[in-house]
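Chain lettering (A, B, C and D) follows the sequence in which the chains are written, and residue indices restart at 1 in each chain.
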Amino acid sequence: MRLYEYEGKQLFEKFKIPVSARRLAKSPDEVFKIVEKMKEPVVLKAQVLSGGRGKAGGIKIAEGANEARTYADELFKLTIKGYPVDAILIEPKLDIKQEYYIGVTIDRANYKLVLIASGEGGVDIEETAEKHPDKIFKLPLDISEDVYTFDALLIAKKIGLPQELIKEGAAIIISLYNMFRKYDAKLVEINPLVLTADGKLLAADARVSLDDDAVFRHPELQEMGIESRHEEGEMTPREKQAQDWGIPYLDLDGNIGMFPGGAGFGIMGNDFIHHYGGQPANFMDSGGGPSPERIAKMLVLLDQKPEVKVIFGARFGGISRCDDFAKGVIMFLKDHGLSKPLVMRMTGNMWQEGVRMFEEAKEANPELFEHIEFHGIETPIEEISKRAVELASLEGGN
Amino acid sequence: MAILVDKSSKVMVQGMTGGAGKFHTARMLTYGTNIVGGTSPGKGGQEVEGKPVFDTVVECVENTGADVSAIFLPARFVMEAAIEAIRAGVKFLVIVPEHIPIHDMLHVRREAVAHGATVIGGNTAGVMTPGEANLGIMPDIAFKPGRVGTVSRSGSITYYVADTLTRTGYGETTCVGLGGDPVLGSTFDEILLKFEDDPKTKAVVMCGEIGGVYEERACNVIPDMKTPVLAMIGGIYAPPGKRMGHAGAIVEGKMGTAKEKLEMLADAGAHPCKTFLDIPETLKKLGV
Amino acid sequence: MRLYEYEGKQLFEKFKIPVSARRLAKSPDEVFKIVEKMKEPVVLKAQVLSGGRGKAGGIKIAEGANEARTYADELFKLTIKGYPVDAILIEPKLDIKQEYYIGVTIDRANYKLVLIASGEGGVDIEETAEKHPDKIFKLPLDISEDVYTFDALLIAKKIGLPQELIKEGAAIIISLYNMFRKYDAKLVEINPLVLTADGKLLAADARVSLDDDAVFRHPELQEMGIESRHEEGEMTPREKQAQDWGIPYLDLDGNIGMFPGGAGFGIMGNDFIHHYGGQPANFMDSGGGPSPERIAKMLVLLDQKPEVKVIFGARFGGISRCDDFAKGVIMFLKDHGLSKPLVMRMTGNMWQEGVRMFEEAKEANPELFEHIEFHGIETPIEEISKRAVELASLEGGN
Amino acid sequence: MAILVDKSSKVMVQGMTGGAGKFHTARMLTYGTNIVGGTSPGKGGQEVEGKPVFDTVVECVENTGADVSAIFLPARFVMEAAIEAIRAGVKFLVIVPEHIPIHDMLHVRREAVAHGATVIGGNTAGVMTPGEANLGIMPDIAFKPGRVGTVSRSGSITYYVADTLTRTGYGETTCVGLGGDPVLGSTFDEILLKFEDDPKTKAVVMCGEIGGVYEERACNVIPDMKTPVLAMIGGIYAPPGKRMGHAGAIVEGKMGTAKEKLEMLADAGAHPCKTFLDIPETLKKLGV
C-alpha cells in the first residue's frame, strides 16, 4: 500500500521529521486560490502513486498564481507511468543548498531491515547505488533492534551533513526508522532530504509503502484519512471489475483466456502457453480456496472479453477444493453460458466429488458442456496447454 | 528416510478447532500422518478427530511429544503461534495461512534461527513425504513414494511437478512448499542442503518464481552439491513490474527477473527445465 | 515512588486491567455522600503508602452511608506503619469466590524482570513464598523480552484460573507486564486478583512502585495527577525540614550528630559509633558533590537538634571537593555559629585548598573555631569516632 | 599487573566537554592516566586538555585506539552512551553518574554480557590502580601502589580502606568502586575473580552494604578462591527498612540485612572486619 507524498508527510510530521508547510489542491482553480494567498514562489507537485515524477514533468515551479494555474492545468492532464494525477501538492519553493537521501527497507533475502543513506539525494538513488556504491551507506538491523543516536550520528556524518546539523540529521534518521517499524512499512524514503540555503533540514519528498497485510494493526491511519489501497497504475475496465470482485487479474495482449488455480501456476501456465507458441489474454489468480461464486466470476471475465478465443482451465485442488471448483463452473454455465471453447484439467483434493458433479450436470444439461474438453490427472498439463494453443489458432483471431 | 517429516514425526495442529484446522486434520489423518494433538487457546480439553486439544503448545508437547507443527490460524495470530511452538521445542513448523505481516515473519525467522527450528511458509501448501506424512493442504492424488525431492514457492507447481514425477515413475522423497508470501520461513538453499543430506533423494527439482528473493540464495549451495538440481522459474513471459497476485511476484529492481534467475541457476550448475515434461527427460539424461 | 491504590488503578484502567467502579473521598462527610448514592454495601479502603493495610484495620465493609461515615471517622484517625491515611477509596463490596496474586518485579542480582503469580492471593505473598514456594510461579524475563499470550496462558492455568477465564487472565498478566515496562516500574502487584461469584476477574488492589530516576520519562503521569513522591512514612519535623532542603536525613535515638560525606560512610560511620559504644542521633547523606550551602544546612540540622551533644564530621573528598566542604562549614560558622563540640576529619580531593580556607577563616575569626577539633589524613577515622563517643559521654546527656 | 585498568589502558571520556567531564579529565591526566580522547555528540573537532573530542565512540576508537571509557554524562544519557561504547568495542566502562534508571541499567548489563565488556557503576567513584591510572573521581591522596585489592559499593568506603592500607604500608593493587545505584554493571563475585587472577594481588578487601543484592553472589566464588578475602558490611546497626539515602540501602525482605550478609560471607570463608583498623590486623594474621 503506497501512500501519496502528502500522506507520507502527515506521518513524517507525527514523527517530528521536518517538512514544509503545504496545501493540497484538487483543481487548477484551487491551486490558483492557494498560491494567490501564499505570495511567494511555489513548487507544484503532482500527487501520483509512482516514482520518476520529476523526470516525467510532474513538478513545476511557479512564481505567481496565474502561472501556477497554467501549470496545474498541464499537471492534471498528465499520466505518469500509467498513474493519473489525483491532486497537486503546493509548497513554498525552497532555496536548496544540498540534497541527501535517507531510506529504510527490508532485505528479504537476509531477513534484515536496512537503513540506507547517501549524500547524493534528489536523483535516482538506484542509479547512484549501481554506479557509485561507495556513495551509499547501509546499516542492516534486526527487526527487534533500535537505532541509537550514535548509529544515526555516524550515518549523518558519513553522508556529509554539516557538523552543526548532525544531531538534527541523526534525529531524523531515528524518526524515519521508528516510523518504519511502527507502521509495518515495506519502504520509507526521504528523497531528497534538503539542506536549505538558510541552514535548515527538510524532507522535501516522502515515499512510504506499507504492508497491506498489517494495515489492520493501524486503525489510526484511517483516522488520519489514509485508506487501504494497492500499488497499481491505471486499470482497464475489466481489471477494475476484477478488483471490485476481489480477483487478482491483469489484461494481456493475447487470445487465450487463462483460468488457472493458484498464483504459482497462474504465472507458470502463461509461460507454457508462450512455450507452445500461444499468447495469453490475461493473468489471473483464483486466490486460496475460492468460493464457487468466485470461480463463476472468473469465467465471466474471460467469456466477456472479446479478444479471448479459447479458455485454458487448470485446477489442482489443494486448499482450493475440486468440488467447490466444479460447483462454480456449473454455476457459471447455468447462469451465464459459455460462448467459447474451454479446455480444462481438474485433479487434486476432492476430485472425485468434482467429477461426479460435472457428470450429473452434463447428464441433466448436455448442451451446456458442448464447448468443453475435460481432462483429469491422466493428461499432462502440457497437453492441455498445447491444445489451448491449437484451438486458438483454429479459432483464428489476433 | 525423508526430510523434515516422516511417519515417525509427531505432528500437532495449531488452530485445530477452527474450520480449516478441523478439515485438514481429518485429511492429514486419513493420509496416515501421525497427528498426536493440537492447540486452541481456551479450548483445552476438547478433542478433534479423537485427538486432544490443549490451550498451549507446551502442554501439547508435554502430553503428546509433538515435534512438528502445522499452523492453521488467521494471519494475525501466526507470529505468536509460531514463536510459541519454537520456544516449546518444536523443530519443524509449517505455516499454511497467507498474508502474514512481513515484520511478523522477520520476528518468526529470528526465533527460528535462535532455536535451531525450521519454518516453512507462510502461504505454503505444506510438506508431503509420500506414503509417510502429509502436512498441510496438499492433494495426495499427485504423490507417490520415490527418489526425487521437490521444493517450490507455489502449491500448484508442487502438485504439477509431483504429478509429473509420479506419472513417469520417479516418485518423490519429500515435496516442500516454500510458500508464496514475500518473506518466508525458509529459503531454497536451506531446503536443498537438507535434500543433499538425504541418501534416498537422487535429484531435486526446485521451482522458483519471478519476484522471489530466495532463488539467488540457492546459487550459493548448488555448486557444492552432489545431488543434481533441476530448476524451473515461473514468469519468464510475465510483464515486468506489474503486480501479479502474489505480493512476492513483483520484480524488484533489476534483480529477480525470471530469465535472469534461471540463467543464474544454470550457471551455478542447475539443470534448467521449461515445462514439467522437461523434468523426466532431464532425469533420464542424468541417469537418476 | 510508590503510588496510592487509586492511582495504581488509574494506570490499570489505561492498560485495560479490569477494576471496580470507585470513588475517592477525603473526609467522612464525603464518604457519607458517596455511599448514600451508591445504595449498596461498600468497602472503604484507607489510602496509605504502605502494605499490611488489611491487618492494620485499614479496610472496612459498610452496609450503608451512616455506617460508612462511622468507619471513615476511624480510618482517617488511623496510622498504618507510620503512614497517615490521606484518603479513602470507596468501592462496591465484592462477592469473592477466589483470590489470586500477580506481580512483576526486578531480580536485581540476576538482572531479570520476574513475573510472579500464585493461586493464593489476598494474603501475605511473602509468607506464602516462604512456606509454600511450590504455590508461587515465577517467570524470569529479559528486559527486552515481551510476554506472549502463551506464556501468560500457562501462568493463568498454573495458578488455577477457571478454564473459561484463562484467556482473560492471560490478557491481564500481559497488561501488567507491559505496564511495568512502560512506566519504568520497580514493582507492580495485583493482590488480590479477585474471581467474583458471578465469574468476573477484577483487580481488587493495586500496588505500584515506579523508579524515581525514570519519572522524567513519563510526563503523562503528571497529566494524570500522579506526582513524584518518595516511599516514606510519617516524618519528624526535622526530617521534613531536611527533605525540603533535599538532604537524605533520618532521626535516630542517640546523641552524636552524624555529619558524614557520602552515603556509604554515612552508614558505616554509624556502625563505628556503635562499635565504640556511642549512639548516633541521625543518619545523613550529603549526596554527591554537595554545594557549600547544602553543607551549611546539614550542620544547621544537627546544631538545632537538642539531643545532639557532639557532632562527628568526616569528609573524604571525591566528587565532593574539600574546598566546597570547607566553604560550607565556614558559611555555617559565620551565619549560624556552632553551639556544640565538633570533631572532624577532612581529606581527599582539593584538601590543601580546604585546609587553607579553614586556616584563613580561623585567623580572621578564631572564636568561631573554638568548639572544633580538626584532623587530616594522618588520623584514622576510628580515632575520630572514638573521640566523638568520648566527647558525648563527657557532655553527658542520654 | 593490576586489574581492569593500568598505565597501558587507553582511556576515553564520554561527556568530555561537560563541566564534570572537563574537571575530571584534567584531574585524571594530572594523575598520569593515559587519556587519549573523548566524545561529545555535535562537538567533534574540539579539544579538552589537548585531547581530541569526537562525535561518536566509533570515531574516537578508530582514531585513538581507546579501550576503556569513563562516562561523565547526565543519568538519562548514560544508557545510550554505554551501549555505544560497548558496541564500539570498548571492553571496560566506568559509569560515574548516579540515578540511572534501573531499566536502563538492565539494558546496559545485557549489552555488556553479550559483548564481553565489563561495566562498573553507576554511581561509582571509579577505579584506581595506584601509580598507573585513576579512572573516575577518586582522591589520589589516599592511594599507594601495593599488594591488596579492594572492591566497595561506596566511594567514601573505598577511600577509607585505601587510606588505611596506605598508612599501614600494604598499599593497593587496584581499588574498584562497584557503585551505589540499585542495579550495577558488575557484581562482587565478578570483581573478586579478576583479583584472583591477578598475581600481584595478595588479598582482597570487599565492602558491602545493607540492602545490596550483590554481596550474596560473592559467596559463590569465595570458597574456591586462593586469594584471601576480607569482608566489611556497612549498616549492621542501621534501622531496618527505613530509607537511607542510597536507594540500594533498603533492606529487601529478609534478604540482605548487614549482619546476615557478613555471617554469610564469613561462612563462605571471608574474614570479617568491623572497622578499617581490623583490616591491617587481619592481613598481618594472614601473613599477607
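To be clear about the criterion, a residue touches a chain if its C-beta (ideal position, glycine included) is under 8 Å from a C-beta of that chain, and two chains touch if they have at least 3 such contacts.
What you see is a predicted model; the values in this text were computed from it and never measured.
Touching chain A and chain D together: no chain. Looking at chain C and chain D, no chain is in contact with each of them.
Of the chain pairs listed in B-C, C-D or A-B, the one whose interface repeats that of A-D (more than half of its contact pairs identical by residue number) is B-C.
Between B-C and A-B, more contacting C-beta pairs join the chains of A-B.
Separating the CA-averaged centres of chain B and chain C is a span of 57 Å. Centre-to-centre, using mean CA coordinates, chain A is 26 Å away from chain B.
Centroids built from CA atoms put chain C at 58 Å from chain A. For the pair chain B and chain D, the distance between mean C-alpha positions equals 54 Å. Residues of chain A in contact with two or more other chains: 144.
Multi-chain contact residues of chain D (touching two or more other chains) are absent. In terms of which chains touch, the assembly is arranged as a closed ring, every chain touching its two neighbours and no others.
Listed by label, the pairs of touching chains are A-B, A-D, B-C, C-D.
Those residues of chain C whose C-beta lies close enough to touch chain D in the complex are 106, 108-109, 111-113, 126, 142-144, 181, 184, 186, 211-214, 216-217, 230-232, 248, 250, 252, 260-268, 270-272, 274-275, 280, 283-285, 287-288, 314, 316-319, 347-349, 351, 377, 380-382, 385.
Partner chain A is touched in their complex by these residues of chain B: 20, 27, 75-76, 96, 98-104, 106-107, 109-110, 123, 125, 137-139, 141-142, 152-160, 163-164, 167, 180, 182-183, 187, 207, 209-210, 213-214, 216-217, 232, 234-239, 242-247, 249, 253, 258, 274-277. Looking at the complex, you find that chain D touches chain A at residues 41-42, 44-45, 55-59, 80, 83-84, 87-88. Across the complex, chain D is touched by residues 148-150, 153-154, 157, 163-164, 166-167, 170 of chain A.
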